[in-house]
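Next, two complexes with subunit A in common: one pairs it with subunit B, the other with subunit C.
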Partner chain A sequence: MGAVLAAPAGLLAHLFDAPMRLWQRIAGRGGMIAFFLAPNMAIFGLFVIVPLGLNVAYALSGGTALFLPQRSYVGAANFERLLTCGDHMDPATCRDDLFWIAVWNTVRFVGLQVVVLVGVAMVTALILNGKIRARGFWRAVFFFPVLLSPVVVGLIWKWIFQRQGLLNWVMVELGMDPVNWLTDRTWAFLFSVGISVWAHAGFYALILLAGLQAIPRDIYEAAEMDRTSPGRAFRRITLPLLWPNLLVVIVLALIRAVQVFDEVYVLTGGGPGTSTMYLTQYIYETGFASSLRNPGVAAAASLLMGGVLVVLTIAQLGLTRWRDRQ
Partner chain B sequence: MGHIRLEVVRKTYGPLEVLKGIDLSIEKGEFVVFVGPSGCGKSTLLRQISGLDRPSSGRIEIDGRDVTDVGAADRGLAMVFQSYALYPHMTVRDNLAFGLQNNRMPKAEIASRIAEAARMLEIGHLMTRRPGQLSGGQRQRVAIGRAVVRDPTAFLLDEPLSNLDAELRVSMRAELAALHARLKTTMIYVTHDQVEAMTLADRIVVLRDGAIEQVATPMELFNRPANRFVAGFIGAPRMNFLDVADAAALAPGQAMPGAAASVGVRPQNLRPGDGEAAMTVDLVEALGTETVLHGRLASGSRVIVAHAGQMAARRGDVLAVAAEAGKLHFFDAADRRVEA
Partner chain C sequence: MSAVAFLTRRRGGRGWHWTDVVTFGWLAAGLVLIFGPALWLLLSSFKTPAQLAEFPPSILPYASRSAMVDTGDGPRLLPLYTVELPDGTTAVMAEKNRIGIMANMVRPEAPDEVVKVNINARQPLREVAFATGNYTTPLQAFDFGRYLWNSVFVTVIATLITLLTNSMAAFALSKYEFKGRGAVMMVIVATLMIPLSVNLVPLYSVVSAVGLLNTRWGVILPTVATPTGVFMLRQYMLTIPDELLEAARMDNASEWQIYWRIVLPLAAPALAVLAIFSVVWRWNDFLWPLIVLSRKELFTLQIGLNSYAGELNVHWQFILAMTVVSIIPVLIVFFFLQRFITAGIAGTGLK
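Then we have the complex of A and B:
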């Protein structure tokens, strides 16, 4: 059976053998490397490098025109507009108040979401690592939301939290008054954090679970023989041995939290008002959706956000390498 | 103190009975070795004693106290694991101190115990290193040190030398014997290596399929094995088992008990170049201090002869061979020992 399946591949390899050898003789070793890398580099260049270059060009140009040749060069004016503030803590004193509202919303979101997310992922991983019945089933349950599209996540929770949603129906059935969950600034913010945690915790729990399972069981047995209480075993053994995984989880969660957009956009649309408008939504609306479309400002804002992400990514790479060396 | 008593200790995993009612009494200060082939239940038995596992039924006493349902932390025992199980993120000093800190021992007392253990095990210069920076032998010393500083009622050692190379194993074996002589604390040692068992033990517990086959001193096990299994397991090369007719040919004039169904003779008790039985040599293992001959008797029965010293023999040679008088072991049809 294996031979039958391998036959076409063998024939193909045979057909290509002679021309490839000839090509290798002409192109040399370096040429062959370039030849095999070329398709990937072309795709990477077309969809990453070129857009990045265009983004820089847009960030340095002004006007509402969409096509670059019709736009005028304005230097750092877009960055100036974004960064000029009387007091950076007070968006009302900034030239582009919406940008700073989005920045501070994002900071608040990241601060709360990352803490809750890592906490939930940690507790989930500890539970899933324990001796529980149907462990495989529960692992699948906690990981399931990760497989959902963010738009689906947003829609599901919108149907639950909206004025005539599932939650209010249950509350009314229980004799309580319905609440406008998504038009209350605090609730809308907390729900945006909550569904984001729900959607992503399974992924991080899996990373932590892998770390927990890499800790040899006999270390805990040695600790038990050493009269170590469960709390102290967690603090003195589990946490230090899990720390490399935990660092990676924190940095990855930070990077993804800074980029939050789709599920929250579907759930709240950034509202009520601008209370759940985060940075990516600001960029999207400034660049494409607003009536006062301004691609230059949007491009400048995305470069600033990209800078933050680069710093976080370098930190994550550094931490991963540090972990591998441990 | 350190008297440990097991009464009908059973351990089952579902339908599988891993320990089949173990009765055993270990005296204070004794060095007892559990030995047996893989899967015989020796490590499982050690885990029941340690408290890391609970028996399905039966009773475990330490110094007269019933500890069957007492957790590992409260049994006052220390364990040395096969994998060492050192805390990889802690220095050697912290590894040694960790258990003592759990007991809220004063710092000065901790420091003094660590210093004493470090001196005894010669690990003083390793105190600031982590386990990853130590060799296998050094890790083993630290693991033993971690047990020693606790000043336990008894030491439990689960194949502690199996991850070391042969040379280091020999030296660590001698050190363990010296440590026991010095501390005089009860030690229970699990191994599948009969040389470790014979050299270290005051008494050896031979296990097979979750049951005790024999408990005896090393020499008693060697000289008076209770059954064919023990006779075959203890001693290297393995004891020869022959039928009565072959044994009679090897030891003419030797009286055979009527109940004897098979006869055992150790390779060291067969003398080549002597007697009337003939052996065709199939393989010669020249070890320098000993020559081991593998061959066949005229009846076709396989036999191993261990000759102390060197001898010129080659494959295909036919040698006379005889058993030393009084060195035969007799076993009945149920493989139990029969006295001559």
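Then we have the complex of A and C:
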């Protein structure tokens, strides 16, 4: 494969050599630096930095028009609409009840999903780090769902949870009545947590496994000689030494969980009713899909979510740095 | 030594500890929970619509057998049944027609002799068969062939652009000292914090303003300037000794040649990891293509699948088959390149 790639690459290099040398002579070293940075920074600027600035402009303007010149400045009205509540715990008392339904759904999702996800990842990592045969095979097994697209994850499970699906077959075989899983609020919520754990646990298990493997074996051997029980060795050796990695994993899982959308949207579409509608879906539907399209409110909501993410990411970057120093 | 003791013995003569039981249970449950659903998808994708509607479902895909039988008005394809005859014997018979709960059945080898059979006294004769039409029909008659092509196009082009632009930027940021380098790095780190889902509305308006709405380029371009890619490549390029570059400059190599002929080949391992990640990312992308593409002929496989699954009259047999098709590239990555990915994640926390 290397040779196949090298041939056209070599040809390209020859084609570019002369004009590049000319450009270097005209523009100098600084010009070359600019040249190397330009493509990435242009795309970056146009599709990341500019939108970021525009986001604020959208959040401060009203109306249903998409283009900024046709929108009118409304100040903080969009934020007021989102944040005004009689009682923030009760979405029905809020001006934008859907937003708060999405907020509390997301909070419940994040709370449950991160705990289960990190728990499953931790147990998996510990077991993969133990004395097992064919470790590579098992690592691959747990990693498999991570590569699947959210649409595939959603569809695989939708097919299993459907009325005449595999799960209901198991229920019947066990002598219970079939359940319409995805039209039940509680089950739909639990399964939205379940499939996202299913899809992502392998990823975090891998990070934790790398952390576990970095712990020197001789510490455990010394503990074994002192007749330390496995439980005690876990509390006194594994946990303290893995803690930096574990914190990074928790924050990373939090960042991802706050943005939950894809696989749950495919599985439940946010339903039944609004019971699995999370923040990103609220933003998507307010901004693009629903008949009550309101880009300003969607932008304001995404800035609020972005604020939470920035705090979490700064925490993560700080933690990563701290971990790497440990 | 009894059989049980033989099967449960451990190396070194140690007994079973509770952790062994947990390990075994966890691995077994993991295997079933992870590959079970995928296997169920694969088996289901070969079933006919009639079979998909069955409850309880069968595990393997079956097809009813039928035979050409001439019942007097020319040979016709008739479904075969195993019939329990009144005398207690069973026979394979074809159904000529059916009135109420009684069916007129004939033996294929003696089609003139009609037997009336209660439909409860017969079972359709089935054999394991794969309904491969589930795969060929949507690729030909529906738009799935086009969706597949769109997905391949987006994935390949986006990955090539990602590799080129990210490696150029990483080269500049790792191998040159210049004013503003710190600022550029800051901007890149800062944008690590802003996932696409936060920028949806303004990004849509920018893409629309530059005329890329409903184009495959509109799907590709916003995704290619990945800060993670620049970051990872830069980290790797920092480990390439500057003496190599200086030596090349002595030999009158241009800066472009240094980038293309020295640094890129040396950074191949990091480029490979980024390439694999980019392929998986772009192949699996959902939210952004969902927003930018509204014309059906531009849909990627993921969007096409979602849109078909959301229709009122869901053709599950096609959706299941096309879901399997959409997993194929990922499976290739999984089987051949999984090592790189696991190393990449363990090393950089990239996803």
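Going forward, the second predicted complex is superposed on the first by the 283 of 326 C-alpha atoms of A that agree within 3 Å, B and C clash if a C-alpha of one lies under 4 Å from a C-alpha of the other, contacts with A are read in each partner's own complex, and residues count from 1 in each chain.
The criterion applied here is as follows: contacts are C-beta pairs under 8 Å (C-beta built on N, C-alpha and C of every residue); 3 or more make two chains touch, one makes a residue touch a chain.
All values reported here derive from a predicted model rather than from experimental measurement.
Student: With everything superposed onto subunit A, say whether subunit B and subunit C fit together or clash.
Tutor: fit
Student: For A:Pro216, is the partner it touches subunit B (first), subunit C (second), both, or none of the two (neither)?
Tutor: After superposing on A, A:Pro216 lies in contact with subunit B but is clear of subunit C.
Student: After the superposition on A, what does A:Gly306 contact: first (subunit B), second (subunit C), both or neither?
Tutor: In the superposition, A:Gly306 contacts subunit C only.
Student: After lining up the shared chain so the two structures overlap, which partner does A:Ala27 touch, if you call subunit B first and subunit C second: first, second, both or neither?
Tutor: After superposition on chain A, A:Ala27 lies in contact with neither partner.
Student: For A:Ile160, is the partner it touches subunit B (first), subunit C (second), both, or none of the two (neither)?
Tutor: second
Student: Can you report the vertex angle at subunit A, computed from the C-alpha centres of the three chains with subunit B and subunit C as the arms, to the nearest 10 degrees?
Tutor: About 90 degrees, rounded to the nearest 10.
Student: Determine, under the contact definition given at the top, whether A:Ala76 touches first (subunit B), second (subunit C), both, or neither.
Tutor: So A:Ala76 meets neither subunit B nor subunit C here.
Student: So in the superposed three-chain picture, is A:Phe288 touching just subunit B, just subunit C, both, or none of them (first/second/both/neither)?
Tutor: So A:Phe288 only meets subunit C here.
Student: Have a look and say if subunit B or subunit C is in touch with more residues of subunit A.
Tutor: C
Student: With both complexes superposed on chain A, which partner does A:Arg227 reach: first (subunit B), second (subunit C), both or neither?
Tutor: The first partner, subunit B, only.
Student: Looking at A:Ile237, would you say it contacts subunit B, subunit C, both, or neither? Reply first, second, both or neither.
Tutor: Touch partner of A:Ile237: subunit B, not subunit C.
Student: Smallest separation in Å between any Cα of subunit B and any Cα of subunit C in the superposed model?
Tutor: Comparing every C-alpha of subunit B with every C-alpha of subunit C, the smallest gap is 7 Å.
Student: Note which residues of subunit B are touching subunit A in the complex, please.
Tutor: Spelled out, the residues of subunit B in touch with subunit A are 50, 52, 71-74, 77-79, 81, 83, 85-89, 98-99, 102-103, 146, 150.
Student: How about subunit A: which of its residues touch subunit B in the complex?
Tutor: Listed in rising order, the residues are 216, 218-219, 221-229, 232, 236-237, 240-241.
Student: Which subunit C residues qualify as touching subunit A in the complex?
Tutor: Interface residues on the subunit C side: 17, 19, 22-23, 26-27, 30-31, 33-35, 37-38, 40-41, 44, 53-57, 164-166, 168-169, 171-173, 176, 178, 184, 187-189, 191-195, 197-210, 221-222, 224-225, 227, 230, 254-257, 259-261, 280, 283-284, 286-287, 290-291, 302, 305-306, 309-310, 316, 319-320, 323, 326-327, 330, 333-334, 338, 341-342, 345-347, 349, 351.
Student: Where on subunit A does subunit C make contact in their complex?
Tutor: Touch list, subunit A to subunit C: 9, 12-13, 16-17, 20-21, 24, 29-30, 32-33, 35-37, 39-41, 43-44, 46-55, 57-58, 66-68, 123-124, 127, 130, 132, 138-152, 154-160, 164-166, 168-169, 172-173, 198, 203, 206-207, 209-210, 230, 248, 252, 259, 261-262, 266, 269, 280, 283-284, 287-288, 295, 298-299, 302-303, 305-306, 309-310, 313-314, 317, 320.
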